[in-house]
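The data blocks that follow each hold one structure.
Below, chain A partners chain B and then partners chain C, in two separate complexes.
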Partner chain A sequence: MAETLFYALALAAVGFSVGVISARSPMISVLSLLGAFVCLALVYLLAGFQFLAAAQVLVYAGAIMVLFLFVVMLLNLTDLAKVAEHPTRALGLPRVALAGASAGVLGVLALLASANVPSGSADPAMVAQGFDGLEPIAVALFSRYLLPFEAASLLLLATMVGVIVLAKRQRGAAASGPAKEAAAVAAASAAAEPQLEGAGAR
Partner chain B sequence: MPTLPLWAVWVIKAAVIYGALLGVAALMSLAERKVSAWIQYRIGPNRVGPFGLLQPLADGVKFIFKEELIPDGANPFLFRIAPALAALPAMLAIAVIPFAGEVELFGQRTNLSVTDLPISSLYVLAVGGLGIYGIILGGWSSNSKYSLLGGLRAAAQMVSYELSLILSILAVVALSGSLDLRVIADAQQAPDVLWNVARQPLAFLLFVVCMFAETNRHPFDFAESEPELVGGFHTEYSSMRFALFFLGEYCAMTVMSCLATVLFLGGGAIPFWPEAPWWAALACFLAKMSAFLFLYLWVRWTLPRFRFDQLMNLGWKVMLPLALLNLFATAALIALEVY
Partner chain C sequence: MNVPHQHLLILAGALFGLGCLGFLLRRNAIIVLASVELMLNAANLAFITGSRIHSTAGRPSLEGPIFTLFVILIAAAEAAIGLALVIALYRLKQTAELDTSSELRG
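And now, the complex of A and B:
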């Protein structure tokens, strides 16, 4: 039963992931990503990691994807349709080549990373509690993984400051109202994210 | 009473609780008009059944017989599925609300809730938070500027207030030392312990304000905001799909009221009566929940609507710092063993 469910969920997650990159409308892409996140949360649940599943839905599906949708709704979708039909004509060959090259580099990096994942490297204390005790997760996050955790917060803070600077510069030029609003909300949410993740871990 | 197998008792519990939720949502649609009439010195619906009690039924029949329109240029799939996405999460979230303690039903001892999870407070927030997708997608897929603006506002508002909501709940969680709503409720039942509303007054205030924003209710109902946006995200909807949005809103209000009761008012705890039987506790729980539901209506017909920038300023510059401060103070007080 559990195995059948797992394969069904895994298949659905892969299907949604394909949808993310193959959909023409960015709206459908974002919704596919949401579907993939929910499938992953269900896989966590199937494995008995209730907290992880709830945090996945709360942080990614609940907060971050809402933000993605917010930004996509402000895009001019007719321009994007032109890009989807004739990428080279709309953007120029160098840009398309650059995008393809970056995608290739990212793909190679992802392959390298997945080949280098050590098996059985989990914290023994967490394994003993079945990954579900909040205390071992919190202790691990604020002791062993404190540096990466803080580094991630710092990165998000830098992103937030960058977004604010970009939005301010646009105001000098003729920035449209919705774009400013979107930038402000994006900045605010980037600020909130480490707090949300910290809160989830507590 | 005959003895039934455990699974049958679970099915009965789930059916009764979901039936009650839908019943409360239907009654709320009547109460909304009755309370508004009362506050504005009118009579309100009083023709269908005694005191107009059958009005929700008449409304339902009317909705079913209305023609359903899908606007030109709308995305048909998303347009059709959005109302269901708006209504479903609130109905799922009610599953972990602990209405009363252990009861004996059909020869089985069981807790009076659909299920119990060790992380039930997170579950309510995570699942309940998904309801926003119905509103965003309904607004986007309608291909109408009013609907789009309503959906955008809903998205911005939800992201802004979800954080303060979570942080205010976390203070209570830290106090009880558990994410389980049943443990949080039971911890307030002891005779010498005050309810969390007295121990965490600031968290309670923040929670109540966020409760209004999260359910898109007045004075924060910018997603529909009828004077500016016609009806916001549901401008283009008709027939039962229109009704589904409202069903979802009333269900979400009910879940939030239950959550406030459990987190801050001790669930079914009755003051000075620690040995209360389960039916008295259940009645007390429902009375507290109804008080919050009445608060929703009372505020709607009393306060004027905010401006959208005021809403954003309040969320980010007042609510969030206060919620963070409250969490820090609570953590410090716990560390100093004051609590």
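And now, the complex of A and C:
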């Protein structure tokens, strides 16, 4: 039962990912990304990672998706006539060759790496119990991984300052619409980050 | 869920490959950022599979979940900065097409 569900979710995740990279309008692309995130959260849940499934839904499908949708709607990129002014469809040969070469290199690396993966599956009892109990994770996060944890909070602070600097209106420039909108994005991202901090602290 | 480790890794590899293709082939800055998020998610799935492989009965391997948490955190920071850059680019060029920004080409 759970296995069938996993394969269905895996197919759906791959389908949504194809949607992300092949959609004409950024809006469809971002909504497909939301679908892929939700499918992956369910895969985490099936694989025995309940906390990470919750974090995935809260941070990815919640905070990050809101940022993406906010920017897509703000910039009105769904206007296809405007998109068509630029040669988005015509892909140059070098670009396709580069993409094909990287896909080939990735495939070879995956084949080489798969030789070292032990066959078989995880212990069913462990899956039922869950691999990411809150208590072990919290203890590890605040003892062995304390330094990365603090570095991460510094990174979030630097991000917040960076976004505010990027979004700030240029000195002397007239108060224009886009500047105010960018400041709103900065405020939205600042609101999203404490949520992540909270998820990490738990 | 009694799925072989390889199948989880194949899913992660497929998602990473699709994200890589989107990153290289698309020109819209927002879709490029979405492809990067897709690749980070594939990495998370690989970390989770690693945790499943290295866990023994009663002793879960915590490196996988903790690295996944940090990747989620980096992804949030990257999305915030990346989208602020898209807004700045749009203010400058009135478009989010990356090919219009080639001032640094030698």
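The rule we apply is simple: the second predicted complex is superposed on the first by the 121 of 202 C-alpha atoms of A that agree within 3 Å, B and C clash if a C-alpha of one lies under 4 Å from a C-alpha of the other, contacts with A are read in each partner's own complex, and residues count from 1 in each chain.
Just so we're on the same page, a residue touches a chain if its C-beta (ideal position, glycine included) is under 8 Å from a C-beta of that chain, and two chains touch if they have at least 3 such contacts.
Just so you know, these numbers come straight off a predicted model, no measurement behind them.
Participant: In the overlaid three-chain picture, which partner chain does A:Phe6 touch, first (chain B) or second (chain C), both, or neither?
Facilitator: second
Participant: Mind working out whether A:Val14 is in touch with chain B, chain C, both or neither, as first, second, both or neither?
Facilitator: A:Val14 contacts chain C only, not chain B.
Participant: Using the superposition on chain A described above, determine whether A:Leu146 touches chain B (first), chain C (second), both, or neither.
Facilitator: Touch partners of A:Leu146: none, neither chain B nor chain C.
Participant: Examine A:Leu134 and indicate which partner it touches, taking first as chain B and second as chain C; both and neither are also allowed.
Facilitator: In the superposed model, A:Leu134 contacts chain B only, not chain C.
Participant: Check whether A:Leu154 is in contact with chain B, with chain C, with both or with neither, and answer first, second, both or neither.
Facilitator: In the superposition, A:Leu154 touches no partner, neither chain B nor chain C.
Participant: What's your read, chain B or chain C touching more residues of chain A?
Facilitator: C
Participant: Looking at A:Leu67 after the superposition, I want to know if it touches chain B, chain C, both of them or none. Which is it: first, second, both, neither?
Facilitator: Both partners, chain B and chain C.
Participant: Where does A:Leu40 make contact in the superposed view: on chain B (first), on chain C (second), on both, or on neither?
Facilitator: After superposing on A, A:Leu40 lies in contact with chain C but is clear of chain B.
Participant: Quick check on the superposed pair: does A:Leu93 touch chain B, chain C, both, or neither? Answer first, second, both or neither.
Facilitator: After superposition on chain A, A:Leu93 lies in contact with neither partner.
Participant: Applying the touch criterion given at the start, work out whether A:Phe51 contacts chain B, chain C, both or neither, answering first, second, both or neither.
Facilitator: Both chain B and chain C are touched by A:Phe51.
Participant: Output the chain A positions appearing in both contact lists, the one against chain B and the one against chain C.
Facilitator: The overlap between the chain B and chain C interfaces on chain A comprises residues 51, 55, 63, 67, 70, 74, 132, 178, 181, 185, 189, 192, 196, 199-200.
Participant: Which of the residues in chain A come into contact with chain C in the complex?
Facilitator: Residues in contact with chain C: 2-3, 6-7, 10, 13-14, 17-18, 20-21, 23, 26, 29-30, 33, 36-37, 40, 43-44, 46-49, 51-52, 55-56, 59-60, 63-64, 67-68, 70-72, 74-75, 77, 82-83, 86-88, 91, 95-96, 98-99, 102-103, 106-107, 110, 113-114, 117-127, 130-133, 136-137, 140-141, 145, 148, 152, 155-156, 159-160, 162-163, 166-167, 176, 178-179, 181-182, 185-186, 189, 192-193, 196, 199-200.
Participant: Can you check the complex and tell me which residues of chain A touch chain B?
Facilitator: Touch list, chain A to chain B: 27, 31, 34, 50-51, 54-55, 57-58, 61-63, 66-67, 69-70, 73-74, 132, 134, 178, 181, 185, 188-189, 192, 195-196, 199-200, 202.
Participant: Spell out the part of chain B that touches chain A in their complex, as residue ranges.
Facilitator: 75, 78, 117-119, 122-123, 125-127, 129-130, 132-133, 136-137, 140, 148, 151-152, 155-156, 158-160, 162-163, 166-167, 170, 174, 179, 316, 320, 324
Participant: How about chain C: which of its residues touch chain A in the complex?
Facilitator: Contacts found on chain C: 1-11, 13-22, 24-28, 30-31, 33-35, 37-38, 41, 44-45, 48-49, 51-53, 55-58, 60-62, 64-66, 68-70, 72-77, 79-81, 83-88, 90-91, 95-97, 99-100.
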